[in-house]
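Below: one structure, written as structure tokens.
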Amino acid sequence: MDFLMGNIWLWGPITAVVIAAVITVNALVSVYLERKVSAWMQNRLGPMENGPQGIFQTLIDAVKLILKEDIIARGIDRPLFKMAPYIVFGASFAVFAVTPLAEGVSPADLDVGVFYVLAISSFVAVGIMMAGWSSNNKWSLYGALRGVAQAVSYEVPLSLAVLTVVMAAGSMSLQTVCVEQGGGFWNWNGLALHKNPFLVGSFLIYFIASLAEVNRTPFDLPEAESELVGGYHTEYSGMRFALFFLAEYANMLAAGILASVLFLGGWQPLLPALDFVPGPLWLFGKAYFFVVLQIWIRMTLPRLRVDQLMYVCWKVLVPGALAMLVLGGLWQLMIKG
Amino acid sequence: MDIKTLLELMFGLLTVASAIWVAFTPKLLHAGFSLLFTFFGVAGLYVMLGADFLAAVQVLVYIGGILVLLLFGILLTTAMPTAELTVGGTRRGQGLALGMLLLGLLLLAVFRAGWPLSMNALPETTASDIGKGFMTTWLLPFEVASILLLGAMLGALHLARRAGEDQ
Amino acid sequence: MHMESRELFLHGSRVPDTGPDGELMTLNMGPQHPSTHGVLRLELKTDGEEVAHIRPHIGYLHRCFEKYCEKLTPPQIVPYTDRMDYLGSMNNNLGWAVACERMMGLEVPEKVEYMRVIVAELNRIASHLVAIGTFGLDMGALTPYFYCFRDREMILDIFEEICGARLLYNYIWVGGLSHDFLEDTDDKILRFCDHFEKRIDNELNPLLTFNKIFVNRSANVGVMTPEQAWSWGVSGPSLRGSGVDFDLRRDDPYSIYDRFQWKVCVGEGLMGAVGDCWDRHWVKVLEMKESVKIIRQAVASRPKEGDVKEKVPARVKLPAGEIYCRTETPRGELGYYIVSNGGNQPERVKVRPPAFCNLSVIDEISRGALIGDVVAILGSLDIVLGEIDR
Amino acid sequence: MSLHFYLVIGAILFVLGILSMVTRRNAIALLMGVELVLNSANLNFVAFARFTQAKPIEGQVMSIFIIILAAAEAAVALAIVMNLYRQQRSIQVDEAHELQG
Amino acid sequence: MDFAALVQHLRAALPEAVLEEHPEAFSPWILVRREALAELAPLLRDDPALDFNQLMCLSGAHAPGPEGERLWSVLHLYSTRHGHKLGLKVVLDVADPACPSVAGVWATADWHEREAYDMVGITYTGHPDLRRILCPDDWQGHPLRKDYVAPATYNGMPLD
């Protein structure tokens, strides 16, 4: 509750603006990364026209999206249609409020930080459903149904994997989780075989489930362009589409941030000696490592089918995550006492 | 104005306004999505009451679970997205009269009763207290609740299966 | 008939609207849809994600090929055949040339025959590369598509050198060819073959063919039995994918295919049932290797001397009579039914496009499939709408 | 804000929930009414715990139990609704006669 | 079986069916009596000596002949087991363009008959779903008829 106690009139707006700026810049960087990394993997050049190596291409695309007409087709449920992008965007926006940037520095260090992130991301499902339904387009509806089913299902293994970390750290505060992993990369949860080997399994499960949560290949069924045209955002254009786009890339980064905080030490440096590099750089460096990993996977793997998606979730990830949770708990009890 | 009071007012207004929409809108889908704001407003009020863990639970279970379930139910029980989904109200007048009566009674009770007020300092963190409570004082209800959830899950699975899938 | 056509268009006649779980939803896939490989409309009757029936609606690309043929002389028709199956133009040219030459009793020089086989097989590889790449794309695999197109580009470069066009070649004429190969064309082709064989084994197969997700998506999906395939007139890799050992190049020989050592590849159900989408994909992969074999032999033994246009008649006149002549294009059996009354223009030309028949089976093999499967099945059938609609 | 503020909001929510349950015919709209009532009860519990008790945790624990109940109730109720829809093609509750013994 | 043997076999099985034979053609064909086609088609497919398992092509044509303009429905059959081919032709009057459908025997005929109906206007009796296939469903006329004149407008849209 600390953030309410300080001078919220000052800190609230500043934090909001900074987060908005981070999300926007992140979208520009991630889109550029996605284009260049995929081009590099596919023997192409990618965007080359605007600026050196085409670095301004995404900026120009963003301007284009903002200037484009906001088309609202006939038969659309207007209030819901207009509201949906804001809900999706707002949810991904709010997740960043608990990012631990450095020791003791985070926009809001909630005691229930991890839980807060999980709770807030459930808004996305409702927003997706709102968008898909109100579009009055069957492809959108399919996308929405898939998206919601997927988000709800993969939240289970995701939460279970996160729980393992919470158990190990003894706190749901992201700051505490970070502090716990100090002292070099061998103490990071995702690599610390000596601390609790089952955390490594949780790391893997978390990463796979987070791919599904942020709708990335091979789990990008809600927007599977070769099947559902564009999924739930088929009917969107202009600024509203840009919001979905921003939210998607913000979610990618948020998944990366959460992964690095929970499993790779967050703002902790690689080695204690590298302390002089500021924490946010470490954090975002690790987060972008995960973003690039997501892009890499997208360019490598085909997409799963709906039934296979559910199979992977309920028959592979959930039992796996449960096993990691139980074994990790036992380890905690027995070995560490 | 105090920031806290302002937020309380805002959340309260959001809760009530969206709940009114839930109760009176003729469109089923709008009622469903309006419920999102009611739940969110209530979660905000929980935060104002110092129950941050409960607020997160509220969002996670009500919005992420129950609301999604309700919306899914709506979508699955209507064949086409274009169909006008009315909630089919009846006895609107009688209901309204009854509601007004009830509201009057409740408000009377709220304001006339002498509540033993005793403001306490907020605990440092509610999550660990609640967790400890579940494992000690309320262990039995906690276990009963988990069995109830398991039973509900199995029951729902059984009910939702198609007739031909019994084998 | 016309009276009820509007009704038929809107509701269809033989497709029931109810499924086991109540009403079926009509879902229009296309005419504008990323995975219809052209302008095709599939009317899906779905029960949730499950597809109960598919009704393909074609004709969006109808360009009156058969009507034009009645007004053109046989050499003038050659460029029009290019535009039917625009991914396998050489093979379309070849089919037309073979049909006309059979009617006229024309013998083409050895050299021309060899060169025809080389370009036809190169074009087969190019076409299969597009088919494989887009099949992967349909399943969300983005990168193999670019790798396939990179290799296809090398073939197109060769074609550009020998005839100046990259897509619609007008290369194989009745009685000959439009241009001779260049000095270094043979070397280029051989270099491509060396490069390409490695690419299949080192890149395409590990990345796509044996990718676990890809296999799971395509194996046991859209299974077509040999009986179904024969009944619906399915041909080409789709027929062979069902385990049928039948290839017109061997079983109804034309040109000089009987002189080469190669084998007909059939689906064996390595990953699932025989005749599933994976088998159809696998047959294409194997066929590309066989085509490389044929090309190598043809390049090695082709006569280098002589003119490729010496036998091209100044005025082609088809003698009176009718013929049905078929050849194996990348997509299967391309048949030309030509009726001539001895005049300058044919009386009637009917094309039997392979993709037309291949597409018609889609309803039968995708009952009970999911929407994602329909995309896979469509991709595995490898249709070209320009040919279906003509 | 005082206790009364929360109690008033709780009362309004409760009345609106009852109103939905009484006037709506669609089964899912009815369920929404139930959720409103449960929320109002929860809000009261938490508010009372905050303003009148030495240990505010007990009210919150009660609320969590209610949320658990609500989740279970929603799951089962929706399963019933789905079944109803499958058999009757309608989820208007006054048309559901088969539930009567 | 060569063409002569095929014709002999058919004449023995169904004496009325075969009207003419044309062994001299590039693709030898027989002229079949319209009424006999429905009976002939299952025989062609199921008789183990014939075993025509593939309908290679079914074409509709509108061709002027000695007796004036006629509609043709031409079937080209192939047997993968025996490797023999046969062309079947049914000649129809423009005024009475009904022809028995073989879609129940070879499914290939389903779409090809629809195309023949669309292009030259042969109405196949017994076809499961005889609709236009390439032209729009409300198109007027049959484009591959010799006397076809392209309409000036379609649904109010000018056509050039």
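Each chain carries a letter (A, B, C, D and E) given by its place in the written order, and its residues are counted from 1.
To be clear about the criterion, a contact is a pair of C-beta atoms (placed from the backbone, for glycine too) under 8 Å apart; a residue touches a chain by one contact, two chains touch by 3 or more.
Model, not experiment: these values are computed from the prediction.
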Chain labels contacting chain C and also chain E: none
Label of the chain whose CA centroid is most distant from the centroid of chain B: E
Chain pair with the most C-beta contacts: B-D
Most distant chain from chain A by Cα centroid: E
For chain A paired with chain C, centre-to-centre distance based on mean C-alpha positions, whole Å: 43
Length of the line joining the C-alpha centres of chain A and chain D, rounded to whole Å: 32
Distance between chain centroids, defined by C-alpha means - chain B, chain D (Å): 6
Length of the line joining the C-alpha centres of chain A and chain E, rounded to whole Å: 62
Two or more partner chains touched - positions in chain D: 86
For chain C, residues that touch 2 or more chains besides their own: 21-22, 25
Junction residues of chain B, two or more chains touched: 4, 50, 53, 57, 65, 72, 122, 126, 162
Contact set on chain B toward chain A in their complex: 3-4, 29-30, 33, 36, 50, 52-53, 56-57, 59-60, 63-65, 67-68, 71-72, 75, 81-82, 122, 124-127
In the complex with chain E, residue positions of chain C that touch it: 1-2, 5-6, 8-9, 13-14, 58-59, 62, 64, 66-67, 70, 102-103, 228, 230-233, 246, 251-252, 321-326, 333, 335, 337, 339, 347-348, 350, 352, 356-357, 360-361, 364, 389-390
Sites on chain C touched by chain A in the complex: 25, 27, 33-35, 49, 136-143, 146-147, 150, 207-208, 211, 213-214, 216-217, 370-373, 375
Contact footprint of chain C on chain A as seen in their complex: 38, 41-44, 138-139, 142, 217-218, 220-221, 224-229, 298-308
Of all residues in chain D, those that touch chain B in their complex: 1, 3-9, 11-20, 22-26, 28-29, 31-33, 35-36, 39, 42-43, 46-48, 50-58, 60-61, 63-65, 67-76, 78-83, 85-86, 91-92, 94
